[in-house]
Every structure is written in C-alpha cells, then in structure tokens.
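Two complexes are shown next, each including chain A; its partner changes from chain B in the first to chain C in the second.
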Partner chain A sequence: MSAATFERGYKAFKEQIDAPIAAYFSSCVSCGMCAEACLFFTETGDPKYTPIYKLEPLRKVWEQEYTLWGRLKALLGISKKLTDDELAEWQELIYGSCTMCGRCTMVCPVGNDLVYMIRKAREGMAAAGHAPPDIIVGTQRAITIGSATGVGLPTLQAQIRRIERETGMKIPMDVQGVEYMALLSSMEIMSFPEYLEALAKIMKYAGKTWTLSSEGFEATNAGVQIGVSEIAKELVMRIVKAAEKLQVKTVISPECGHAYGAIRWEGPNLIGRPFTFRVQHILEVLDEWREQGKLKTEGFEKARLTFHDPCQSVRRGGVIEQPRNLLKMVASHFVEMEDHGKMNWCCTGGGGVGAIEEAHELRTKAFNRKKTQLDALKVDKLVTSCANCRLVLEDGLEAYEMEMPVMGLTEMIAEHLKEEGEMEKDKGLYRFSEN
Partner chain B sequence: MSKPQSIAERLSNQGFNRRDFLKFCGITATVMGLPPAVIPQIANALEKTPRQSVIWLSFQECTGCTASLTRAHAPTLERLIFDHISLDIHHTLQAASGEAAEQIRKQAMKDNQGNYLLIVEGSIPIGNPGYSTIAGMSNKDMLMEVAKDAKAIIAVGTCAAYGGIPHAYPNPTGAVSVEELITNKPIVNIPGCPPIPVAIAGVIAHTVTFGTLPELDSLKRPVTFFGQNIHDRCYRRPFYDKGLFAESFDDEGAKKGWCLYKLGCKGPVTSNTCATEKWNAGVSFPIESGHGCLGCSEPNFWDAGSFYKALSVPTGDFAQTAGYALAAGAAVGVATGLLNKKKKGDAAKNHETVTINDLDRKQQ
Partner chain C sequence: MMTSIDFLSWVRGPVFIMATAIFVFGISLRLLEIVSLRRKPDYSAPRGSRMVGGMRTLFSRSMYDKSTFQRSAFTIVAGYIFHLGLFIVTFLSVPHILLFRELFGFDWFGLPTILIDAVTVITLLAMLVLLIHRLKNPVRRFLSTFENYVVWTVTFLPLLTGYMAYHHSVFPYPLMLGLHILSVEILMVVFPFTQLMHTFTLFMARWHTGANAGHRGIQV
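The block that comes next holds the complex of A and B.
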C-alpha cells in the first residue's frame, strides 16, 4: 500500500501527545535521577542513556507544536525542527537501550511515567519507519504466522503431541465452557515446553477444567513492542475472540511479563471495551489456589537460590508477593537480591531489546548489573517467572561464564506437588509455615 | 571593699529563695531560645560567678534607652539582672558627679581590667567633638579609653548601633556608631529606639553563663531577638495575606484592625521581636496600638523616607488590573488549549492506519 515516511511519523508523534505526556514534559525538573535508575546508564556511564533524554524527539514535537514558547522559538529559528536523521539516531535509544522496565518511573520525583512516554514515542518511530529491522520482521511474523518468533499452530501441536506421549496427560484444545483458557508465549512453546507440561500437571492436580485455543494461544504482543496500536489491537482481538467463543471465565496469562501487561493492562484499552472474562497471571492463579489449600507441595529445593523479578509482571504488573509465597513453599534457602520486588533490576532483554541484534553488545555490557547482584548473593540457582527473562539471563550468564541453572517458578511448583495418595495422611500438619 | 557577692547570694539576701532563682534561670533559657538542659548550667554559672562589672557610657542620646530599661514593672527578668550585675558607673543614674564620678569610672576600670562589659548608649560625634563632652573629655576619647580594657561592648539602641537620629541627614555632629570606631573588640548591637529591654538582659545572662557572646547576625545583632521580622510574627498578618488593608487611620479597615501596610508599616523589613515580646510588660506594641512599625531598629531608619509611605504599592486599581490580567491569561490559555486540541484532533482524524506493510521505508 504505502511506505513509512518521516511525515507519517511526525504526524503520529503529534497524535500521541496527550494530557499526561504534556504534563510529564512540563513537570520534568531535569534532576537526572532517572539516569541512576537505568542499567544502560549505570553500566556504561554514557549520559545519552538517561531515560528522559531518550524521549527528546517526542519532547521536541510537544514543545514546538503545543507550547507557546516552543512555537515562538521555532518561529524565530532558535530551536531546530525535528529531522529524519535525528529519528534514525534515536532508534538506538528508544528501542535498543530501553527495556521499558519502568525502574526510572519509580524514582522520578515528579511521578513521570517514562514507560508510558516510551510506548508513545515508539508509535511515532514505527510510523516513521525507524523501528529496528528485527522488530519489524517480528511484528510482520506475528500477524502472518501467529507469533514474533515464527512459531505457529503446527509447532504447538507438535509439542502437545510430544507431551501427551511422554506424560500420558491430555492437553485440552478448543474445549468450550471450561473455567480457564491458558495462553502461552511462543518462547515457552519453543524453548521451554516444560511450562506447558507443568501447567497441565498443576491443572490436573487442582482439579480445574481448562483449555488452549487454536485461534488464540499466543500471548506476546509485537504491536505493543514496536508501538503500533492497530497491530496490537488485532493481536489482542485474537485472544478476546477465542476466549469469548469458548466462553471461559478466566484467561491465564503465561509467566511472560510482557504478555501479561499486554493482555491485562493494555488489552481493554486497545479494543476500547472491558473484557467479558477475567485475566490473571499464572502466579496469581497458583497463589490463589495455595491460599485455598488446593496446592500442596512436598520436599524442598536444597540449593541456595534467588528470584529474578520480571519487570512487567512485578513492578509494572503488581504480582509481587505471589512468587515469594510460592517460592517459600518449595525452597529452604531462598534469599533476596539487594534490589528486588518493585525495585528490581531488569534482565536487560525486555521491551523488545532481547530481539534486537544490534543491541546485543550493549545488553551484554548492561548485564553486569545482574552479575553484580548475583555475585553478592553467592547463589547456586536462579528462579524466575518469564520465558524472555530466562532466555536473556541464560545468555548473559553464559557471556560472563557463570555456571548457574535458571528455572521457571511454575515448573518448580509442579515438581514439588504432593502425591495425591499422601495428601490424606498428612492432613493437619502445618508445613506451609516452614521456611 | 567587701568580697564581691555572686548573683545567687545577692538574691538570697533580698529574700528570693532557690526556687525563685531556678525559675529565673528557666526564664532566661526560654527567652534566649536555649534548651531546658542548659538551665542547671545557667544556675551553676550564676551561682558561682561574681557579679559582672558593667560600665555604662552615655553619649549623644536622649536617655530613652535607659528609661526603657529602668521603667518600673516588677519583678522582671531585666530588673533581676540589673539588680544583680555590678553596674559600676552609669552617667545618668549615678548619684556621684564631677571629679568623684570620674574617679569611680577609673577605679572600676582598674579593678576589673579586661573583664568588664562596656555598654554604650548614644552615638559618637567625630565631626565636631565639642557637641558632646563629659568632664571635658570628648565622647570619642572616653570610648576609646574605656573600650581598651573591656571584655566586650554592647551597643544599646539605634544611635550606638548605627548612629541613629544624630546620624540622620544632614548629620551636623558627624555622628558615628560604636562599631565604626572600634574594630578590635567583640561588639553586640541591640538596636531599637528604644531597644527591647529583655534583649539586653538576655545578652548579659548569656555572657555570664557561657563566657561567650550569643550568636549574632551580619549586623551583629543577637539572632535570638532579631532573627525574624515583625511582619512574619504580626497578629495582623492574616489580613495582609487576605489583602485586607486599612487605607487611612480612621477608616473601617483601621477600626477592624486590618493590616497597616498601606499606611507605611515597615514591619516587613524590620527585624525585631516587638510582635512577640511586646512592650510595657507585654501590654502591646506599636502595631497593636494602631500605628505602623517605623522600623526604628534598622540602620538609617530616619532617612528611609516617610513613615507613612507604603513600602511598595501597585499602581492603579490592583484588583481591576489583576482581574484583567487574569481574564487575558485565561483567554490565552483557553485559546491555546482549543488550538492544541484541534491540532491533536486533526492529527487523529487524519490518522493513517499502520499495517505490517507500512513499517518499512521500502515501497511494499
């Protein structure tokens, strides 16, 4: 049809500037605290990685289009108009060195939501054709094949057949009227099928009815990542249609933090109406069942281990206590990193950064932050609850030659489920209070 | 000469018991803004210290400062202090005169060499020394002679501190302040025309207790008493904040006790403690009596223009001007807002859907 142009991008910037953006830019006091909160700055010391500076193109448009002084300055030639070259230069800053982890937002003294701003700036960048090639390809695949990584239904079906063969469990597909519909991240399908196996095991254990949908199983949303709301909406609609067709009560977001934010927080806004079903993160579901006594475990992980908080489900999603409650059920030597929970440090691969080839070197450098955190704890094992974090963590650990297994929390819980026969005779013992 | 008595001994001779004494120490600490923990320290110091020798010299002055300090309302802190320091010489108050008076001054200087406090009241004429002499000696010569062996100097009143009224234009006597002549001694200024008595008593109590001078500001005034301006502590301040002003001394506003700013009150630029300590045993202070502050404790207060000219008043009808400005501002704001809204609206209306074929620069 057409091609991306600078003009389209500029128009998109103008369209994206709303009251919060105007308020954020006018409240910024240039204190620079966001820099100290960003691992791309702390690990490189390069001031261009100061989060608010990454938003310079958007700020320019806001100032020159929507403020009196900015218009005067532009009129008198005191400030220069935004150029295409500038946008090309900022690609690295808006995509390659921002994982949208939101740590900067936490420290901003005037409460600017920098993730919201980056998300908006990406809309302009994508329309101008300045999204990184890897992200563009991923987005095209998501629409045409079904996921950014190129994993489609046939791959999923193959994995299901393998799990069913190996475990004897049945993985339900397209079953109508069940309680839960589970979503997956394509990374789980491809790299960590253990998750699907663990999910099936836990569902069976808890006695819950559930299903996958062949029409909406992919939870990650490339449209949110690249910053094109129409594409994001189309991807969300696939899930919404599937869930409504199967008439499920709850849709379970996989561990993947980005997927959780996309479906739970952006989802209803993208489609412009509330969902007819509930969305829960898998750890929210598991913790709910733990509280209800539907999840009983036995045995403890002996290794000294820590938990890496995925930014999108923990800091941006509010699923903070649940993973800790669950970990305490199965780990006897669980220790926290110095900055954990809502102030955790990102794995360096969120917000699409993990998929950008050109960002690999910088990302590896920034991983030093996680390495420092882990070195301080001297742990033997790392647990997390996000397939993307897990891939990036494994990659980083390898780059720094650190021997450390990384494991998903859902799988760990599934491994420790108490055999049903034993449940009866153990009644009355309060093992959950043990640590 | 009998052995010098300590303040505590003197008090007990006069029928004050220890409880009265400790109460006095407590009041001293409170007035000086010191924590309760130092009360025993004050008591201890006052109990042991022999009465501080004080020499009081009066130069070009009206005796208002002395009158302010000696006016009768008892018992007060300053009364206690002045009863119990050794005021060895005070030109106005002493009974002796002529040669005898000068002899007392010389004796006191000799007995307490390097240890007496010198209090100066009034400015010193250096243009023509003949304007003020004592026993044939110019004020300047006497000041220099007595200051030489003093522990510290307290310049009491605006004249001694800044030159005061004698110093005002055209200053026929060539009047100067103490600190303009003496640079090698610690000096405390307690300005005011007259100054608040408790400030003098407080500085003396502090000096006796701690052996040092209290904390001073850039004009050498004790911060405890001169740290805040009258305006900030004025009971009429709420009217100022609401914009309620008396326009003349007999209008409704004046009767209702509104702010006297427009009638020339200098409270906003005057650092003193009148609004809190008040005068005449706490009866009132000028503003409470319906007259603006003259700023008498500030340098050059007499030459700072009319007492009845407001510090600064907006020209024209302030409310009307402000109203127009507000309306104009609001109009610009609304117009800008509408323009911005239209701009964003147009951008949204002309929104071009971005599909996966539009992500590249290449023509698909």
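The block that comes next holds the complex of A and C.
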C-alpha cells in the first residue's frame, strides 16, 4: 500500500463510481427513510447517522466529476470541493457508525443500495488515510500475521492439538484431493474453538472427506473491511491458492457472515475471475445434508430461544432459510423476533465497528435495539451463526445486564447428532444409495 | 406592452420549444452520464437470476413490510398520495390529454373535471404537509438543501396555477393559463439538473439493487 494522501483518496473515490452509484445518487430525494432503518439513528435520534448522509463525500465526487451540472456548480463556486478535513470528520460516519448491515438498502423507496455505496466510499477513505487506526492495525496484522485479530497458524495448531487430545478426533490439515476445505474466522479459533470441534464431529458423522489448509485457513478479510481492494485480493488469493493446491471441490465458509460475503460474493471479483471451486456457507452445507438425509439429529433444546440473523450471511448473503430449517430440527421452542430474516437488526458490531474502540460507547447505546427485540420475546437463549455477532451480542447483553447464553448454530447441531450406532447403519445405507 | 394574449402565445411558442429542448436534451445527457459509467462484471457464481431480481425490485420497492411502514408511515402515505395525485392530474385531465394529442397524435381516456379538481386539491394539501414535515422533522430538515426547496416549489407551482386557471381566479383566464404553462416550463428546465431526475433514474437504481440481490438469490 503506497502512502495515503488526500489526492490518492480522491482518485480512489473517483475510480469507485460506476453506473449504479450514479443512478443511486441521482435518485435520492432526501426522504430520510433510511434513517429509520439504521440502529445508530433509531437509538440516538441524531440525524447525522442517516445512512445517505454518511455518503456525502462520495456524492460530492460523483456530482463534481461525473455530471456536467455539478462541474459547472463547482466551477462557479456554488458547491464546495471535497476537503481532507471533511474526510477526517466523516471517519466516524463511514466506519464508526456503519456496520454495513444493509437494512437501509431494504427500505429505500428509490431502491438505493447504500451498503454498496459505503463499501466503495471506504476505498476512498482508506486511500486518503482516514480509516480508523484500529482498523488499520488490524489490516496490517492480517497481512503479516494472517488475521486482523493477530491469530496465526501457531494458535490454530495449538487449538487443533487440544481438540484432538480431548476428543480423540483427527483434524485433517493440508490433505490433498478431499471434498471440502474448511475456513475459519480468527474469532472462532481464539474465542469459540467449539466451532472447529463441532465441524470435525459433523464431518465424521456425515462421512465426508475434508481438510484445513495451513496456507489459507483465515476466512475474514480485513481488506474488504477497511476498503482496500489490493489487500483484499491478496487475502482472497491465499484461500484460492490453498484450495487449488489441495484440489478441493468446495470451500466452506465458517459461520462468520463477513467472511462469507468476502469469499463468496466479493472474492471472485477481487481476483478478477471465477473460482475453480464452489464456496458454501457452513449452514448451506448442513442444510443440504439435512435435505439429503445425511444429517440426523435427536433430542430437542428445551429452552425458549430465538435466532439472531447475521446481516452478511442472511440479508446480504442469501442464507436465509437454512438456519431456520436446521434450528427446527433441534429446538422445540424456537420463536422469531418481530423483524427477522432479511429485516433483522444488526448486532451493532459488523463492518468493523466491533473492532473500533472509539465506537464502543455508541455501539453499546445502539444495542438497545437488540435488547428491545429480545425483551419482547422473553427468550432464555440466543442462537446465532457468526462468531463476531456472538462476541458483540455477549458484550451487549453484559452491558445491559441481561443474562442469556449465546450459542453457535453449528455447535448446537453437533450436540444433537444421532447416536453413533444409528449413524453407522444409516451411513451404510447412504453409501449404498449413492452408488 | 405585452398583452395577456401575447404572453400566452409567447409561452406556448418560443418558450415552450426552448423548455422542451432543454428538458429532452438535459434528461438524455443525464441518463447518458449514468449509463456510460458502466458496471464491472460479477464473477461470483450466481445463486439466482439478475434479470428476475432486477425486474422484481422495480415493482416490489413500492411495497413495504409492516415494521418499515410503521416507522415511516407519514412519509409513505403522504408520498403515495402526492405522487399518485401528480400522475392523475398530469396525465388524466382532459386539457392535458388534448395537448398530448396535439403533440404526439394519440390520446387516451380522461377523468371528469370535478374529479381532477378534487385530486388537485388533495395533491396540493399533501405537498404542503410534506413541506411542513420537511421543515419540522429533524432528519428531513437536516438532509434538506436549497435544491430540495427549489424542487418542491417548481412542482407545486404548476399544480397551483393550473387549479387557479381552471377556477379563473386572481387573473383573467388567458393570463392565468399563460402563467400555468410558464410554471410547467420552469419545471421542465429545472428537471434534468435536480433530484426531479429520480422520476427516471429510480428505475435504474431499483434495477441495479434488485439484480445484485437476485444474483445472490435474495429478494429485496
């Protein structure tokens, strides 16, 4: 990454503007409905958190560079040029108070995809040197150590050894020619290794061949988060090279919603070509096996519970029904929040917000939205499918003194897998039917 | 000195031609500016169809889920009334249809004058209420720029002058009609260079968003 300057930033803003961006800015009538979709506005009432307002720098560049009328206005001094100070001021709006959850995109009457715009605005901000320091540090760590949180291969290896010792299961590493290559988010490695254990258990149960790669295991992409495509591409390439080297058919994105979006939807565009392998979210894989009868569970969770939809895998990712199908297998008292699925409210920590220290107070305030949703349901347990959501939810619940366990869906499924003996018998049948 | 008849023929003649030229040229330019920016190809494996998603969102975005409706009920209801009213008054009033026939050679069915009159009043009221809302509501006031008020004014005036012309109020009919036509011409000149362009570009916006979501297998 060359040195960040305002000129580089301006150029990056300019380069990001495409036909959709131009159509979006041309269509906004300042109706303000997007504010009502953003929890940073609904929980604070401060109009500066209105999503479209967060895009003012990008709008200026569009108007003054790509419209005749805008150029004229700038020339005559009717509209002011974008300044570096303005970008500094916008840092908290483009990073600190936007989780890129995309709820605003769902309500805009003219159909503007505001997250698409924020993602592009971040490219300009990062190039101009106005990304938050915490995010810059995380991005540097991703390049040098392997993940934004500073978790690298040695940490993963230590977790693998521990799981293998405790469960007697083997966690395959760098095995060539298997069907699946699993990715992990560093938060799972560090805070929720239960995920890896659950994955190993389910793989064994379903009789599938799989592996991790020591060269490409980290699924989160700090380059996407900060908005530097160059870095994002480098991080995606680690996974692509690993998957192609091991000749796997499918790469499994972990629960982490951001990771899924980064590899499934942005990945091929970052490297400029389609992948030679398939990418599936872990819940897509599990639901597929459920449909094929390869995943059988027993027993039910007794607690009244609900599901928190991770924005990037659900609203922005399209894995909407799968978590519900899976939850219904193992939970007898599953209830939905009033706004759920595509319309769910963010955990408040997506899009890098959870990693920005300065945003912590605002984020905690905004968590009141989730609290309100949960209070209305009177649930005893919260299930989600994203390590980042889970950390942020736990943090928020603690701040509001709400005692409620938060659990990952994959783990929950793993806990309810049908007895070993039954499984072996079933597996034989499936093998037979597959031939 | 210019008589009101002179004025009327002036706004119906040279001014109309000029306004139409700016309107047509301006809109074409703006649309060209947008389309020529293009869009990068999407290399990710599709889960659904861009075409189906795009087409769907063109229409679906006019509908709201319960929670969004509750949160923005005023904007949605007043917005609907005003847009529908504007459409009805513009395209379904008999004098307008006669003008279109003169210009394009074909016509369609108009609504009775009394109905158009009522719709005009409702639309004017909806616009006034929306203006008050823009001035009072913290978010809308915060977002609003000079342009928003210009756009409101140039949209409001044709409705008002049309209503006044029909009721022969304030000025004699030829002058009032002239003013009505002039106000529409101002609207046409301002149109391509302001948010009024959303009339056309919103279909592009909806299409892009719907297509991108459709590609991912999501209905938005």
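Criterion: the second predicted complex is superposed on the first by the 419 of 435 C-alpha atoms of A that agree within 3 Å, B and C clash if a C-alpha of one lies under 4 Å from a C-alpha of the other, contacts with A are read in each partner's own complex, and residues count from 1 in each chain.
FYI, a residue touches a chain if its C-beta (ideal position, glycine included) is under 8 Å from a C-beta of that chain, and two chains touch if they have at least 3 such contacts.
Remember, it's a predicted structure, so these values are computed and weren't measured experimentally.
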Superposition on chain A - do chain B and chain C clash or fit
clash
Tell me which partner A:Asn269 touches in the superposition: chain B (first), chain C (second), both or neither.
second
Under the stated touch criterion, which partner chain does A:Ala127 make contact with: chain B (first), chain C (second), both, or neither?
first
Of the two partners chain B and chain C, which one touches more residues belonging to chain A?
C
Quick check on the superposed pair: does A:Lys48 touch chain B, chain C, both, or neither? Answer first, second, both or neither.
second
In the overlay, answer first, second, both or neither for which of chain B and chain C A:Ser27 touches.
second
Quick one: classify A:Val228 as touching chain B (first), chain C (second), both or neither.
first
Would you check which partner chain A:Ala3 touches, where first means chain B only, second means chain C only, and both and neither mean what they say?
first
Just checking: does A:Glu36 make contact with chain B only, chain C only, both, or neither of them? Give me first, second, both or neither.
second
Touching A:Gln140, do we find chain B (first), chain C (second), both, or neither?
first
Regarding the shared-chain residue A:Thr105, is it in contact with chain B (first), chain C (second), both, or neither?
second
Could you tell me which of 117-125, 225-233, 279-287 or 297-305 in chain B overlaps chain C after superposing the two complexes on chain A?
225-233
Can you pull the chain A residues that chain B and chain C both touch?
17-18, 66, 68
Using the touch rule from the top, collect the residues of chain C that touch chain A in their complex.
29-30, 33-40, 42-45, 47-48, 57, 61-62, 64-65, 67-68, 71-72, 75-76, 79, 137-145, 148, 151, 192-193, 195, 197-198, 201-202, 204-210, 212, 216-220
Touching chain C in the complex, chain A uses residues 17-24, 26-33, 35-37, 41-42, 45, 47-48, 50, 52-53, 66-69, 105-113, 116, 264-269, 271-275, 278-279, 315-318, 320, 338-339, 342-343
Parts of chain A lying in touch with chain B, wherever the complex brings them together
1-5, 8, 11-12, 14-15, 17-18, 65-66, 68, 126-127, 129, 131, 136, 139-140, 143-144, 226, 228, 230-231
Mind listing the chain B positions that touch chain A in their complex?
332, 336, 340, 343-344, 347-348, 350-364
